[in-house]
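Both complexes below contain chain A, partnered by chain B and then by chain C.
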Partner chain A sequence: MDLLNALVALTNFVIVPGLAYGSQLALGALGVTLIYGILRFSNFAHGDTMAFGAMVTILFTWLFQSVGLSAGPLPTALLALPFGILGTIALALFTDKTVYRFYRQQKAKPVIFVMVSLGVMFMMNGIVRFIIGPGDQRFTDGERFVISARTFKKLTGLDEGLAIKTTEALTVVTAVIVVAVLFWFLNKTRTGKSMRAYSDNEDLALLSGINPERVVMYTWMIVAALATIAGVLYGLDKSFKPFTYFQLLLPIFASAIVGGLGNPIGAIAGGFIIAFSEVTITYAWKKVLTYGLPDSLAPDGLVQLLSTDYKFAVSFAILIVVLLFKPTGLFKGKAV
Partner chain B sequence: MKKLLMATAAVALTAGTAFAGGHAKEVKLGVLFGFTGPIESLAPAMGAGADLAMEEVTKSGKLLDSATVTPVRADTGCIDNGLAVANGEKLVAEGVNGIIGGDCSGVTGAILQNVAIPNGMVMISPSATSPGLSSMEDNGLFFRTSPSDAREGQVMAEILKERGINSIALTYTNNDYGKGLADAIKTSFEEVGGEVTIVTAHEDGKGDYSAEVGALASAGGDILVVAGYLDQGGLGIIQGALDSGAFETFGLPGGMIGDTLPQNVGPDLDGSFGQIAGSDSKGAEIFAEMAKERGFDGTSAYASESYDAAALFLLAMQAANSTNPADYVGKILDVANAPGEPINPGELGKALEILAAGGEIDYQGATGVELIGPGESAGSYREIEVKDGKNETLRFR
Partner chain C sequence: MTDTMKHTLLFVFVGVMILLEGMTDFLFFSGSWNSALVILNMGLISAIMAIGVNIQWGFAGLFNVGIMGFTALGGLAVVLVSTPVIPAAWASGGVSIVMALVMGALTVVAAVMVTKFMPAGKLRALVLAVVLIAGFFVYRAIFDPAVGSVEAINPALQGNIGGLGLPVLLAWPAGGLLAAGAAWLIGKTALGLRSDYLAIATLGIAEIIIAVLKNEDWLSRGVKNVVGLPRPLPYEVDLQNDPSFVERAASWGMDPVTASTVYVKAGYAVMFAVVLLALLWMAQMALKSPWGRMMRAIRDNETAAEAMGKDVTRRHLQIFVLGSAICGIAGAMMTTLDSQMTPGTYNPLRFTFLIWVMVIVGGSGNNFGAVLGGMLIWFFWIKVEPMGILLMELVTSGMAEGSALKGHLMESASHMRLFTMGLILLLVLRFSPRGLIPEK
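Take a look at the complex of A and B:
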């Protein structure tokens, strides 16, 4: 019984939140890694693209809620998601046409692209705040829990509760589906193959008749869709606030780099590594150990490796170690 | 182009004369609050409170030679020392006669050190509550109409004890305010025999607090005390703790008291309790009434303290018959404390008259102002419990 309690406590406070947070980071990192692999620059505007996508989705969600449309137990935002994706695709293609294409034609160096994306980031930052404001927006509706801590306790008779939020379950399921579709697209379809060819060797791809503008266009569309999905899932699970999306940029880049920039599998692995390292290394094991060990061995202290103040230090320490010993990331991306 | 230039020149000229005309006798007070950042939801009511006092004095026409009082607003960002200092310097450059602010403790210390002391400018903060500010070297230029958090720690410990709570988990927002308050709560609660199972910091502006909630839940405790901001990490922590079933009741110090918290969290917050600086003096009611007429919420956190801060400036100027900080700074404690005629909100005109005639006043204001020690409020607190999604005042202590 005690062992079960220990297991439940661990699942509730480490595994479930870690999985959800990891999926959100993985989706974000996928977008960053695709841009890096195909367009060859680090897109700092990605966090704010996510915020923009989430914002459009929220506006549509409010519209649907006001006309009484709902998805039953699931959040209404799911119905609004396709519109959010369309809006973000439009924005991404518009910025590419007006900003990035100019530099691409000039064959600008990657570092210039990075600076350009920084500018785009500030623009998007402003647009989002201008339209929806800097404050917290809540748009979650529908059933809040798949299982709440109280129901779980009643059901099992255990001392520890296990809560799984609908949004957490939704995040993981959506992430799995999106990743499956993305890999199928990249590996099996003609467009996907031409994207990979362009990523591997630009000149060779051009020689074999691949239209670069088309590849770029598809990349932006996919990235916009990924960013919107990641942004909406994050907003549903936590809350929507433009500033937190800007802050999210750091762990997302850490995930992409740890996994290997330009490598989609690496981005996913990196997302989970960063999420779990943040949660587990700063976790206080007192409760779990008190349940798991015989009374005589039960700890008095918190059994916490590092205080939670250091949780960001943890992800960056991992980042530095990976860069020192494997500069291309765990899954061999392009050199950074 | 030529036309445009001409037009611009003409406009500039008229603007110049307009300025010169209105300049006969003007008192400018800087209002330096965090209109953006972690307490941006409180700042508008605070600004309105300060404006209200200035308007009242201007209307009475009794300050010095019927001077008009103009607020000059600037932003601190609440946690942005660079921005706050730059804006503080901007205010001084614009020729303000005193600065109401800053709001959050960290930036207030920065403005005091980098702007107020070098320029000999007086600051009265309505909301900076860090105990560290009591002992900071201030050349006698810094005052506050809110009490130090050391006092809030004692009050919170009393409330916890009376409610029969023996152990708490404690998390604070990682800045001067949060750290100071958390230390004060921990010390006071342990003095009365309580147990603090864990003290852990959280960063504002992040979305994910599962690591913090996990650690807090593992340490356990009867309730979770969140010394943070209601718009920021404090909200995220409470939401996370409720969702995972880690804690059901929360202790809410001043930074967490506001209407948006029960609104955002929902019915699960019912039964949580806390305290915020405030008093049951007659002044509080009068002020709330005045605020209502002006269309803002006078019970919003630190709105009444802001009114008092502005009023103290103007009364001290009247008492010293000067708008020069070096002249009036010595009068602030005189007008705030006994002896003298007690003054409530809305009676600023009367107070100015008494002072002009050479009499003495004891400014009570909206919060029962009583400045002690190095010029900070003695501190009475409003005990609050969340009932049916509203912050209900239980009593004052």
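Take a look at the complex of A and C:
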């Protein structure tokens, strides 16, 4: 019984939140890695693109809520998501046309692109704050739990409850669907193949008649969609605040690099590695250990390796270790 | 018009702007000498930070986005150097904390030794894991109780290990040293990899430094802030109570309160200007020296420089440490100016990316450009808000009083700052990538 309780507590506090957070990071890291693979720079504006997408979705969610449209037990934000994606795609294509294309034609160095993306980051950040303000916005509605702690306790008779929030379940399901569609697109369609070819060897791809501007355009569209989905899922699960999205940049970059920049499978694996290390290292293990160990060994303290405020330090430490021992990432990425 | 004249005029422009701020309240100016001096002081500090970044980026092409962290370390140095000694804290747990930190450092050194001297393989991985895990638990075992006892001492006012009680001016070089140490550690690991990785590594280290400052209450009281740090200049209240100062203020035709605040701020401005000029002179000399030429050679073509026998990674590390030290000095000066340490206020947009805008706009590779960019962009950073409000008043003047849109627009005007800074950065990168005062 104790062992079961320990397992349930572990699932409740570590595995479920870790899976949800990992999916969010993976989606974010996929966007970063695609930009890196095809446009060949680290996009510092990605966090703010996520914030922008989430913001557009929130505005549509409010509109739908005010006219009484809802998705039943699911959050209304799901209905608004397509509009958010369209808005973000429009913004991404506009940014590319007005800003990035010039440097592409100049064949500017990657570090110049990074600098430019800083400027874009500032402006997007400004736009988001200008429209929706810097404060916290909650837009979750619908059913709160798939299964609440109390129901679970009643159902199983265990001391420990297991709560799965709708948003957590939704995050994981959406992430699986999105990743499946993305991989199908990259591996099976003509456009997807041309994108991979362009990423592998630009000159060869150009020689075989692939239109680079088209590839870039599709990349921005996919990245905008991924960023919006990641941003909305994160916002539903936690809450929407422009500054937190900016701070997500670090774990997202860490995920993409740990997995190998430019490698989509790596980005997903990296997302989960970072998420689970953050959760396990900052989780207070006392409860699980008290159940799992015999009484004589039960811990006195919280058995928390690091306080939760150091979660950045965790992603960063993993990043440094990987950079030191395997600079191309766990799954072979690019080293331009 | 020659280049020199043009560049001098740019500096004159910034000077006139600051003078106007003091003299007139026309449009977005405030007409207060206090406000003008506040802008000038922070502008001088920003200029110093911009020199630090320019040394890294302009001289050597290193992309450092962790300026905030080095600035914050400078601030920490002020607390550690200048606040009074708390003997009780040292008696109860201070020594153990230092010992724990030494143990932690020894663990890392041991781990590095293991990696260096043992042949690669399963055994090495095992030994490494044992060393790290054992080291971590020993560290926590010494550290946790010591921290608890230090934080229990007079927590409303202190609860930290205090400082050395030395003159606050000593904190400025100390801030530089602290930042240099951190830069050495991060440079040692991340330099030599591709350029983006340094950017991401520095972004991370900055966040971690801020997290440490916010959470380690024993060090600098965390988010409880350290206020009332010692100042190198007299307090306004003391000046106002000093009959000879009041007399002098009267002879200038000012009331004692304004006179005392202006006097103190002007004093800071003089001190900051001295530091700025000294650093500017050193940076100029370095740039002109063989060392500076070598740095630019490395920046322009690493492969060629390496073929000429230059140790590129070593030189990069050197310049990374130097530039970060300058940012640390500036950070210490800033905390001295505020006379308080508030870890919660460090924000990467303001302390890292804004400095980048300054360097790019001023002209990367040119020290005078960095100084100009620092002062100019700081002026705009402060003044964009009133400008935005003016603009919004203009835009909304036709709208009905009290309409929702008007309210929202007026309220959001203050968020124009980030947008404008991004726009300036993009415009300069696009149309004048060499900046206002280009590299020679």
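Everything that follows uses one rule, which is that the second predicted complex is superposed on the first by the 332 of 336 C-alpha atoms of A that agree within 3 Å, B and C clash if a C-alpha of one lies under 4 Å from a C-alpha of the other, contacts with A are read in each partner's own complex, and residues count from 1 in each chain.
One rule holds in what follows: contacts are C-beta pairs under 8 Å (C-beta built on N, C-alpha and C of every residue); 3 or more make two chains touch, one makes a residue touch a chain.
Not measured: the values here are computed from a predicted model.
Overlay on chain A: chain B and chain C clash in the combined arrangement. Contacts of A:Leu4 after superposition: neither chain B nor chain C is touched. Of the two partner chains placed by the overlay, only chain C lies in contact with A:Ser42; chain B stays clear of it. Contacts of A:Val111 after superposition: chain C is touched, whereas chain B is not reached. Look at A:Gly133: by the touch rule set out above, it reaches chain C but stays clear of chain B.
When the shared chain is aligned, chain C comes close enough to touch A:Phe316, but chain B does not. In the superposed model, A:Gln247 lies in contact with both chain B and chain C. In the superposition on chain A, A:Met123 contacts chain C only, with no contact to chain B. Residues 134, 247, 307, 309, 312 of chain A lie in contact with chain B in one complex and with chain C in the other. By the touch rule above, chain B contacts chain A in their complex via residues 36, 40-41, 174, 198, 200-203, 205-208, 210-215, 217-220, 231, 235-236, 239, 243-246, 264. Within the complex, the chain C residues that touch chain A are 61, 63, 136, 189-190, 193-197, 199-201, 203-205, 207-208, 211, 214-215, 348-349, 353, 356-357, 360, 411-412, 415-423, 425-426, 429-430, 433. For chain A in complex with chain B, the touching residues are 9, 12-14, 17-18, 21, 134-136, 138, 145, 148-150, 153, 161, 163, 165, 234, 238-239, 241, 243-244, 247-248, 278-279, 282-288, 302, 304, 307-309, 311-312. Interface residues of chain A facing chain C in the complex, by the touch rule stated above, are 41-42, 99, 102, 110-112, 114-116, 118-127, 129-131, 133-134, 246-247, 249-250, 253-254, 257, 305, 307, 309-310, 312-313, 315-316, 319-320, 323-324, 327, 335-336.
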